[in-house]
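One chain, subunit A, appears in both complexes that follow, with subunit B as partner in the first and subunit C in the second.
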Partner chain A sequence: MATGVDRKAASGTPRLRAPLLQRVWLHRVDYLYVAPALGVMLLVIAYPVYYTITLSFFKTSPSLAMADSAFVGFDNYATVLASDSFRDTTMNTAIWTFFSTLVSFALGFGAALALDREFVGRGVLRGLLLVPYVVSAVAASYVWRWIYHSDYGVIGALATALHLTDRPINFLDNTHTALASLIVVNIWKEFPFAMIMMLAGLQTVPEHLHRAAMVDGAGPWHRFWHVTAPHLRGVSVVTLLLMAVANLNSFTIPWIMTGGGPAGSSDIWITQVYQIAFGRVRFGLASAYSVILFAAMMALGVAYVRALGGAKSARAE
Partner chain B sequence: METERRAKPSFACVDRRAFVAGSAAAAAWLASGRRALSDAKTGIDAATWTPSYITSIAGTVDIDTRAECAKVVPLDYKGRLTYWWNGTNQASPDIDKKFEAEFFQAFSETYPNIEIEKQNLDYNQMLDKLRTAALGNAAPMAARLPILWGVEFAAKGQLQEFSPADVGYPVEDYWPGAMKSVAWQRKTYGVPTNNETMGFIWNAALFKAAGLDPEKAPPTWADVVAYSKTIKDKTGKNGFGLVARANAGNTPFRFMPQIWANGGGALDEADDHPTYKKILLDSDGTKLSLQQIVDMYVRDRSAPASALTNTQTENEDPFLAGNLAMMIGHPLEFAYMLDHAKKATGADKPIADAVVADMRYGQMPMGKARRAVVFGGSNVHVFKPDVVDSGKVDTMAAKAFIAFLTGPEWSTKLSWDSSNPSNLRGFKSVWMKQRLAQIKFLDVTTSMLPYGIPFPVVPESAEIMNIVVPEMMQNVLTQKMSVADASAAAAKRVKDLIGEL
Partner chain C sequence: MRLASARRAPFDAWRTTGRILLTLLGLFSGLPMLWMALTSIKTQFAALQYPPEWWPKDPTLDQYAALLNPSGDVGREFLTYLWNSIWICSTTTALGVAVAAPAAYAFSRFSFPGRVWLFYAVLLRNMFPAVVFLMPLFILMRRLHLVNSGWSLVLTYLTFGLPLSIWLLKGFYDNIPVEIEQAARVDGATRFQAFVRVVLPLSAPGIVATAIYSFIVSWNEYVYATTFLNDDDKLTLPAGLQRFFTEYATNWPGLMAASFIMSVPVVAMFLVLQRYFVRALTEGAVKS
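== the complex of A and B ==
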């Protein structure tokens, strides 16, 4: 619901901020509209977050009965942060998130640029490239497990048939290659998302600017760099942040394909949290871990909201 | 109801009364707590439970399940039960799927007014789901769990006290080792449904091709290492089907027998009088076992490279394709091979048929200390009302169902090719006789029962076996740690764990 205050701001007159209560009253209908959604969010998000933060300060009993739990202050956080496994897992998480996000984005962007041009079969190709995104992550993980299989995998069989190696390649049972192998699967699964987002972004680039640039003698690279890229800045940042958040939260592929192994080499924060909570029944410790993960996600969330604002500004310009 | 059909001279020692008398130790334990029972790890007398003895008692009694259950709960009882179990799946042999379907059909015919809401869960996911459900007060009223898991729920206070006597069966109808697995702090929290031990399986054709005696299993674990290398060197096929996936129950079931055989352990569960207070993960026996798997996997490369992500399921197809020579398994593996060989087509068919013909079972190899195998199985438990979905447990419906499930008939039929009846009268039933005739190698795996060692009966057992032990294996197999360091790290984890909880 537009207000007088907003209209003034939009029309360029000096922005006069009304008192808080007055602004709330002015937006009362808006608050009514969002109240049901807010209520549900409080129920399914706020309470679990509150409960998780509370648990993170307790040494919990396996039955989770708070009567049997002991307040330990920040001990759980100290235990998590001081553990060797946290250091290794954090490094794995950083590698997983960084490469999954960046390479997926680069591939998706490249595919979007290619598919933005008119050519025969473009529609079919768009559909085919979307397949990894719509395939269930569980099904994809099992299929890739067999593609990678260290004894009878398709890739290993091809490599030996072509005399590239003398034995099948050990992808998932090797501490040096397990994480990289999972990242490849994640990229395969995620890049169509970047492609869709960037294709949508490309639709917003005004055609007349391209034509004007061509008249001025700009080549393809200059048109991309000076016309296309500036228009895609906002959507790129949003896409990268959404993918980073998704990858930081990504559980299915690593859990199904390696369970974090071998020897913890593909363990990331989220699989570690699951393992501590449900495999080892340490809910207090797992909650502390989750709060750390939550803080990282919130940082990305704040960046996302700011980027959204930036994207709006860029469009307005 | 049972009636003795015939009494052979050799059967005199298993007369019901004699059996009751012979099981006095079990009964005594129930009165005096777990220490007394642990005197005889499983309570199964190796001299008695021989293949010939098992064959001699099969088919000697008649069972009337309906009449036995009617004594516990009237057949017209009206009620509702929610039930979770790890049952058959798409890959299960057809006979198992048939018996499972028949079981639920027979129950609904016997108790037409009891409604069962059932969930069949995957083995590797069931424990986490059940833990979460119980914490969220959404557990089923009854659940059939692998032998390792129940005590954790009992220790959390989530299970009701429940014993065979509650469903009309005397405690002495079950092996003492099985009763031990449903006990926590001198109270009984379930009824055994089936108990089994595994055997050592090999492909005789691959043994022959490698110049080994095709009719003899490797006598010791050191021989398994040597055989595995010989097979790899001579045939190019993988030797021993090592299983080392983390957080998968298959892993400890196959590695702990090797550790125990070599004189090691997780705790002191292999001792005649276990206290569960000694940690043996850093013992010489455990280190020797770790070194043996390192020799196979790292030095000789004679075990599948995929061992770190494999469960036993991933060993089955390579074995059927003649690409794997040795593995550890139940009689179920033979049923699986037979079933899948029948379904094989094209060029796969003759290969699969040949492997089935060349499949052999033997006793588990010896180690420096003993011959050992996990005393496995499942138990059925009843949850407390406050952790159950509706907040209520229909105890009568649970009793009716458990009486039906754990009686001689269905505890035999439901373990047809994979286990043994928990209810020892099942061994005397006509269905046991049919099984012995139908299921190849059943006598071999059953003859391993006296060598069975139960996992430690402590709430931390699932974590020790499913997480600590597999991670110790992965640490040495990936060469992330030396054998000494990995075993010391695992021992420290267990020490912290036992002290912490």
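== the complex of A and C ==
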């Protein structure tokens, strides 16, 4: 067939280049539509990535002038990877990400399932549940700091009034409770995201399949497991990945509420990098740290793109 | 139907569980916001009571009056932050839509080489840790003499918003039949004219959703604002709140009032246009 011949001819390397350039030239006007977006992205993304990688091989001076920087090879990487604080912070980040993501997802999914039927006040309730997601993380952090306050905090006062403790609890200044307290705030902020994602996913489940299953005598659990769940696989994976990445990148809540303290007990990757870069002004070291995180994030990024592709092809079937 | 049969059941354990979960989540979501509002109408003295006043005994709007009074010290500072936030976020949103709309259109309609790669590059932006960009951008902004200027934030937020804006708008364009444009082309319009006069107006809901989303994201942004801006009169609300907090450390009602004012525009905007907003968030992951 004609197309088969064409494909064979095009697969030879010398002939492939010309058609590509030709196609680019043919579509030259199309690129104009993308050019402004691409220009901004190149300036504010490609350049920073390149610059961070460069900086990570230098010992920088506090003046941030490259002329005062000394090339140190992989020293910065070695320093980061060998430090105790990196290990502790990685542990904290893992705990933070794991629990924030899973609990938020479970709560959000549960809420989505409960909201996926008509009842009076459904819209209002959905709106209320989404409010934490829209409120700025800064405002939320201050509100929760006030709620957790060691002397006048409302949770401590409630616990005392109910005789659960005899004096107010110190949530944030305690190495045992700081990280867990922050995770609660993060869940508060994040479960609505899982909820709307899963609600949107539930909308894609064909109603007729439910009816067919019901005719066959399937109970609610069976219908959920055999009809709903398979349709939600794609959106669940995407949601979990997006939330995991967001949590690995968290900064505002821990930074404002505890600043990583006390004694580093709530320090996670990003708060620590920020401290190294803008507290101790060691950009070289912080850059090496960022590149390490960047690599970890890229792995998740590839998974994200794969999941998107997978979700798409699953739907096409 | 599924709904009808659920109602016919005498006792539906699933439904009851769902109701309980929703009630608890409603309390979990709402109570912190309620406590913020209640604290903001207390006097400083009343806020620091132990055990706390569960309901303010003599509510007062003094904190709000102080924050919004342009002739007072606190008010002048707060209103400056508010104004900075407003102009930075509005500019970002307007520019963002202007840049994203043609790009999304190209991704939706054209098949130029590299299209798929470009598109994933745009999306991958969301995967990078913010700090990767923070340090080099800080240095870049210093070189461009934009440190301490709101424009550094406009430029940064613009790229924040772009990936999702493009992705979302592409979804809206995909739903607009190509035949409509083709009709316009037959009538003598150029491709770009067809885009501006026919496709853009039809995608108005998508543009509104995109605009709200990018406005809310930049309104709430903290990391870049607190790093790029130093002068007190340049700060945005999220960055300024911290200064306000450290300076008036014990004034919790004032801080809660400021947080409340900061939350009102985005929550109101969102509640009014909830449908579009939810669509904006879920479009990417769920749309085929």
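The working rule: the second predicted complex is superposed on the first by the 283 of 317 C-alpha atoms of A that agree within 3 Å, B and C clash if a C-alpha of one lies under 4 Å from a C-alpha of the other, contacts with A are read in each partner's own complex, and residues count from 1 in each chain.
We adopt the following convention: a residue touches a chain if its C-beta (ideal position, glycine included) is under 8 Å from a C-beta of that chain, and two chains touch if they have at least 3 such contacts.
As the structure is a computational prediction, the values presented were derived from the model and not from experiment.
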- request: Name the contact category of A:N186: first (subunit B only), second (subunit C only), both, or neither.
  value: neither
- request: Considering only touches as defined above, state whether A:G260 meets subunit B (first), subunit C (second), both or neither.
  value: first
Field: Partner chain in contact with A:S150 - subunit B first, subunit C second, else both or neither
entry: first
Task: Check the residue A:F278 against both partner chains and state whether it touches subunit B (first), subunit C (second), both, or neither.
output: both
Task: Based on the superposed arrangement, let me know which partner A:N92 touches: subunit B (first), subunit C (second), both, or neither?
output: neither
- request: Tell me which of subunit B and subunit C touches more residues of subunit A.
  value: C
Message: On the A-aligned overlay, A:V135 touches which partner chain: subunit B = first, subunit C = second, or both, or neither?
response: second
- prompt: Both subunit B and subunit C touch subunit A; at which residues?
  reply: 64, 149, 151-152, 168, 278
- prompt: Within the complex, which stretch of subunit C touches subunit A?
  reply: 1-3, 5-6, 14, 17-19, 21-22, 25-26, 28-30, 32-33, 35-36, 39, 47-52, 98-100, 102-103, 105-107, 110-114, 118, 120-137, 139-140, 142, 155-156, 158-159, 162, 166, 191, 216, 219-220, 222-223, 227, 237-238, 241-242, 245, 252, 255-256, 259-260, 262-263, 266-267, 270-271, 274, 278, 281-282, 285-286, 288
Task: Report the residues of subunit B in contact with subunit A in the complex, numbered from low to high.
output: 128, 131-132, 135, 152, 155-158, 238, 245-248, 304-309, 318, 323, 459, 463, 466-467, 471, 474-475, 477-478, 480, 501
Field: Contact footprint of subunit B on subunit A as seen in their complex
entry: 61-64, 145, 149-152, 167-168, 170, 172-175, 257-265, 275, 278-281
- line: Counting only contacts in the complex, subunit A reaches subunit C at residues 20, 23-24, 27, 29-34, 36-38, 40-41, 43-45, 47-49, 51-52, 55, 64, 107, 110-111, 113-115, 117-118, 123, 125-132, 134-140, 142-144, 146-147, 149, 151-152, 154, 157, 160-161, 168, 188, 191-193, 196-197, 199-201, 203-204, 207, 210-211, 214, 220, 234-235, 238-239, 242, 245, 248-249, 251-252, 256, 269-270, 273-274, 277-278, 283, 286-287, 290-291, 293-294, 297-298, 300-301, 304-305, 308, 311-312, 315-316
